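Note that chain A is present in both complexes that follow, paired respectively with chain B and with chain C.
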Partner chain A sequence: MKFVISREALLRPLQLVAGVVEKRQTLPVLSNVLLEVQGQQLSLTGTDLEVELVGRVTLDEVGQEGEITVPAKKLMDICRSLPDGAQIEIEQDEQRVNVRSGRSRFTLSTLPATEFPNVDNIAGEKTFTLEQGSLRRVIDRTSFAMAQQDVRYYLNGMLFEVSATGLRTVSTDGHRLATCHVAMNGPDTAQQIILPRKGVLEMAKLLTDPESSVTLSLSTNHLRARTENFTFTSKLVDGKFPDYSRVIPKNGSNVMLADRTELRQVFNRTAILSNEKYRGVRLVLDTDLLKVFANNPEQEEAEESVAVEYKGDALEMGFNVSYLQDVMSVLDTQQVKMTLSDANSSALLEEPEGGDAMYVVMPMRL
Partner chain B sequence: MSYSVQSSQASAVSAEVPAVAEAESAAVTQRKVIHIDCDCFFAAVEMRENPALRELPIAIGGESDRRGVIATCNYPARAFGVRSAMATAQAKKLCPQLLLLPGRMALYRDVSKQLMVILQEYALQLEQVSVDEAYLEIASHLNATEVAREIRERVRNELGITVSAGIAPNKFLAKIASDWNKPDGQWAVKPHQVDEFVAALPVGKIPGIGPAMEKKLALYKLQTCADIRRWELTELVRTFGRMGAVLYERSRGIDHRLLNLERPRKSVSVECTFATDLAGEEHCLAQLPQLLERWHERVERAGWPAAALAPFVKVKFADFTQTTLADSHEQASEQGFARLLKLALQRENKAVRLLGIGGRTPEIDRNQLTLF
Partner chain C sequence: MSRIHLLSPRLANQIAAGEVVERPANIVKELVENALDAGATRIEIDAEQGGVKLLRIRDDGHGIEHDDLPLALSRHATSKITTLDDLEAVASLGFRGEALASISSVTRLTLTSRAQGAEDAWSVHAEGRDMAASVAPAAHPVGTTLEVRDLFFNTPARRKFLRTEKTEFSHLEETVKRLALSRYDVAFSLRHNGRVIHQLRSAERTIDREKRVASLLNKDFIDSAVHIDAEAVGLQLQGWVGLPTFSRSQADMQYFFVNGRVVRDKLVVHAIKQAYRDVLYHGRHPAFVLYLWLDPKLVDVNVHPTKHEVRFRDGRLVHDFLFRTLHKALGDVRPDDRLAGSTPATLVPQTAPLSGVQAGEFQEQARLDWQAQAVQENAGSYQPAFNAVPQQGAVSAQLDGLRSLSQPLDVAPWGQEVRQGQPQPLPQTPSADMPPLGYAIAQLHGIYILAQNAQGMVVVDMHAAHERITYERLKIAVDQQGVQSQPLLVPVTLAVSEREADAAEQFADEFRLLGVELARVAPESVVVRQIPVLLQQAEVPRLITDMLGDLLEHGTSDRILAHRNELLGTMACHGSVRANRKLSIPEMNALLRDMEATERSGQCNHGRPTWTQLTMGELDKLFLRGR
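Moving on to the complex of A and B:
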């Protein structure tokens, strides 16, 4: 195997592929990236056995065909530290790979490509295509609410619900829930899958070209996303995701409208003096006025008043301020709508006209 | 019931913070805390079951040829210098006629449950610390000394074992006091005696101060609580970190900790000491399946989904040094434990005496309401 490539052409796919590779591996070949040359095409593959990413680059000239694996991080570090515009020649020399550029020369250890694990073939798949920008949007608007290392392992990921009319994403950590929907021509039969957290975050990184399309394939065990330059495959979480439609409040009668930026700043400031661990703030709502209070174990206090549109009952409730801040940051309309019923029931946050996303936040006991 | 737990937890948070001012206001509503500690519990239960053992030196623990350690021993054994946590081999050297019993956990647990039922009758609040130890907070109008005496008498009559009791205005002093007149005794530190009692206390008596910290304190000529009191709070914190603040309070007899009523279990683990040291990664990994099987049983009993816990491993080497390794990104699966174990073993090139595996749950806030 032998090929020549510019630093920039190699670096981007290499960085993305290396992102999938786990730092600590016991199976040595998993810390390697698989390089394959076929004609003018170079493919790079990284995997952690859960998530696999293949990046494809078209070479300027036909290379010498072959396949071999080399340490991912080392190759990336070398590539990154070479000067801009450098031409890199990569050549297999029996058990070694030589990397040459200008007056630099590196010899890397290898492992045979035959040792590199393949993700199982996807069987019985449903395939559909949408714009990268749309997929990116439904992920970005909900991924913050995914659980991290929750004992309910199925929450450490994102629900993708596809139907003939659209795609819905849902994530929740049990305290708050985020969901977003995009219309598209989906498969005839609806399906729900849970993509693990790492898969969600790595896939989002590939969706950098909003106008181009991405093709998603779903099987019972895998999700695959294909763009022009990448093929991403992730195992799915085998579990039952909670019924999100049940926890979205439908009968809240107390509706508050507020300027989003202003409210966000109010939360940001009060957060400073909330309990560092539990992050509780108190919201006191009365006609057209919202007050937000925070205090911490050091007995320091914050108090904010903000004018809002509100005609509902006088209400006092506690919230984890981080959950509210997250929603304020991910929305982009000028105003935000918050629908409440009482101090022990969830709050629904969304754009004033509803929009494509909904956020449900459970209160804290005061 | 859960509601009252939550409200007391919330007040525990605010009680941690303030320093001296609150100590004085707390003195107005004087707490009465009793620490109950069984006297050589396992051995006491065995002697109850077979009174012929009373005069013999007995111990509960693992056999020396399987490199066991002593869990508990009775007072005749202690006279020979046998102590709990001592290697059985050494205990037998000190006391060749030592009668070693394998231990019957199910029986001990039953007796422990009966003990807690008795304590519950007297307690406003009860914190069980372990199978043979508990704190009680009793109503302030009661005579704590009398309550302790009654508890001890009932335990002796109804359960056939003895306990020691410590009575004080807080947990820290109650714990020290229960050790003051052990076995089968009790000791009270009355509010007006606190100052004098604590002043003379060697620093090593403060719970949380181990031999290493004691040595460090000795470098600064801090041997008793009276010595510590001569230091400013800021000075203590600067020199000893977080422990400095604890030293400041304890040396003045202050302890704001409330009884911990519901201690959510944070981890489940199992471990195994091997009859002969294991050399090499392969032999260690070979032990994983049986550890995993035992661990799964425990996790199941705790009602947790094993795969979702953050795994950790513990390795004790032949020279008794030990290392633990946790990775919350790792799965608590056989592969996950194997990966952690390999990494832990790489830290030292030594034979292995003990292996343990476990899983942890992340912390949660009880005031946060949940969606489902």
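Moving on to the complex of A and C:
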């Protein structure tokens, strides 16, 4: 195997592929990246057995065909530290791979490509296409609420619900929930899958070109996303996601409208003096006025008043301020709408006109 | 087919003996308890060959009347209770009326007794299949002597299970220890093969009692123990608990007495363990000698033939009382308590914990001190170590000297002076007001603080000490805030046993107080709707099942508290100064003052000691000064 490529053309796919590769491995070949040359096409593959990412680059001239695996991190570091515009020549020499650029020469150890694990072929696919920007949006608006290393393993991921009319993502960590919807021409039969946390985060990184399209294929245990330059495959979490529709409060009668940026700053400031561990703040609502209080074990206190649009009952309730901050920073409208029913029921946050996203936050009993 | 018939009295007694008499130690326990119930003030125990060959127990109690002697050896005969009401509130150690009959069925037993006011002594022994008692005149002072020979001579099967002489005697000695610890007003002596093992005089004053504890257990124990005397809600707790630094690798130095009766009770052990939590190093066991006194009506001792187990009528109350008392006692230990009054006069006992040999040596010299003037001359600089008056002078002179080296406490120049390595001034305080942990002198390798106090040198592990201080502060802060709970958006369903689900319903109020809301959704499953905010990241299912287990077992659960403290511990660890942080002298002094004011500052929250004292005497020893 032998090919010549410019530093920039190699670096971007290499960085993304190396992102999939776990730093600590029990299986040595998993810390390697698979290089494959076929005609004018170079493909790079990285995997951690759960998520697989294939990056494709077109070479300027036909290379010598072949396949081999080399340490991903080292190859990436070498490419990154070479000067801009450098031409890199990679050549396999029996058990070694030589990397040459200008007057630099590196010899990397290899493992045979046959040892590199393949993700099983996908069977029983449902395929549909949507814009990268739309997919990115539904992921970005909900990914923050995914659980991290929860024993309820199915919460450590994102629910994708596809139907004939659109795609909905849902994530929750048991305390708050985020969901977002995009309309598209989906498959005829609806399906729910849970994409693991790492798969969600890695896939989002690939969706850099909002205009072009991405093709998603679903099977019972895999999801595959294909763009022009990448093929991303992830195993799915086998579990039952909580029924999100039951969690979303339906009959909140007390509606508050507030300026999002202002409210966000208020939360950011009060959070400073909330308890480090509890993160609790008290929200006191009265006609057209919202007061936010926080205090910590050192008896330091914060108090903020914000003018809002509110005509409902006088309410006082506690919230984890981090959850509110998360929602405020992920929304992008001028205003935000908060629907409440009473001090012990969950609050619904969304854009004033409804919008495509909904956030549910559970209050705290202070 | 065999026919049903009545067992012979001896066989019946031998069967009964199976429950009570297993080895010589059991016999000693039964007989000494009898002596104590008879109001003895002196009890002598003689053993030969570990008590298997011969056991002689002699007391000066009220003795047994001649007419009662034959009855004494028969089964279910006792003078201690007469009606069921007596059983409800047993005040004596024994009451079943089985001991003598059982023992005499498996040994050659002779009972000699002279009752108070009687003119003659009589001896009795049981013989034959029907255990007919034969009474003969004998010579004996007022009191009773029991001679038990040849244990299990007629039951070879049981004899085979006896261990070596040494093992049997160590069991016997342990029994005597327990009994001796239960009654300070009684003098005990224990001889083995003619050799005196323990000779204990009756002890009325606390100091004599402590001597008895020291001679029975370990001198180090009493030196590093906290004396406890607390009373509340009709319960009284007295005794000594070892400081967490005096921990054992085995739970062998644990003596708990309920109304003078030694018991091993799950509830008690749990309460004590809980009190020691977060001061005891992982896997170590506390040492304690504790006496709980309560109305006999509130405790049932008729649970087990050996009476090692008891049942409290209000277990929860006893548990809480024990926990609170001990927790407070351990929390109130301050550095100055450990320095025993912090006057130099106590230097001699201070050095004792180091080693028995050293301690002995020292005490000898302290006694000699007053006899020989010549010694004083020779002793020269060594003298302050054991003579109170000159020592006081020496320290204050030293402090005065140090103080005169520079102007009074001024924060800014101090830090610089450390780096220059100049001698450090001590703050302007009279030496009488020297704080227990003294004043910092320097920092050693960025890990330890060296300080000087009235006794000598103090070495403080600065991270461990600061960790404890931060931890205690966090705990207080969190306690003040009260329970804050977070309802779950997605409730967690747990599969539990039906018994646990019942407990979840039964203890719903306890759970709510702790910030947990549980509901039963099926016979064998409960759903958790709300958890304390602090435990958001905790593994809820395991926590709840553990709590249910605790509640079923002990009626209380401290899992939430334990879990919370664990979290706070981690926070404290991260929020404390780490090794290699340079501290200035004022910072170090502030840390020492904080330690003096903080509860449980003797140990970090993992139970490691935070500071240690090297007295002038010990330092002198290192340099052979005054030899």
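Convention: the second predicted complex is superposed on the first by the 366 of 366 C-alpha atoms of A that agree within 3 Å, B and C clash if a C-alpha of one lies under 4 Å from a C-alpha of the other, contacts with A are read in each partner's own complex, and residues count from 1 in each chain.
Simple rule for what comes next: contacts are C-beta pairs under 8 Å (C-beta built on N, C-alpha and C of every residue); 3 or more make two chains touch, one makes a residue touch a chain.
The structure displayed is predicted, hence computed values, not measured ones.
Using the overlay on chain A, decide if chain B and chain C clash or can fit next to each other.
clash
Would you check which partner chain A:Arg152 touches, where first means chain B only, second means chain C only, and both and neither mean what they say?
both
After the superposition on A, what does A:Thr45 contact: first (chain B), second (chain C), both or neither?
A:Thr45: touches no partner chain.
Which partner does A:Pro297 contact after superposing on A: first (chain B), second (chain C), both, neither?
Touch status of A:Pro297: both partners.
Please indicate which partner A:Ser134 is in contact with in the superposed arrangement: first for chain B, second for chain C, both, or neither.
In the superposition, A:Ser134 touches no partner, neither chain B nor chain C.
Looking at A:Ser346, would you say it contacts chain B, chain C, both, or neither? Reply first, second, both or neither.
A:Ser346: touches chain B and chain C.
Of chain B and chain C, which one contacts the greater number of residues in chain A?
Of chain B and chain C, B contacts more residues of chain A.
Which partner does A:Gly174 reach: the first (chain B), the second (chain C), both, or neither?
both
Let me check the overlay on chain A: which residues of chain A are in contact with chain B and also with chain C?
Common to the two interfaces on chain A: residues 151-152, 172, 174-177, 242, 247, 275, 277-278, 280, 297-298, 318, 320, 344, 346, 360, 362-365.
What does chain B use to touch chain A in their complex?
So the residues of chain B touching chain A come out as 6, 13-14, 16-18, 304-305, 307-310, 327-329, 338-339, 342-343, 361-362, 365, 367-372.
Going by the contact rule at the top, pick out the chain C residues touching chain A in the complex.
Where chain C meets chain A, its residues are 474, 477-478, 480-481, 484-490, 492, 515, 530, 533-534, 536, 539-541, 567, 571.
Considering the complex alone, what residue numbers of chain A touch chain B?
24-26, 148-153, 156, 172, 174-177, 242, 246-247, 275, 277-278, 280, 297-299, 318, 320, 344, 346, 360, 362-365
Please name which positions on chain A make contact with chain C in the complex.
151-152, 155, 172, 174-177, 242, 247, 275-278, 280, 297-298, 318, 320, 344, 346, 360, 362-366
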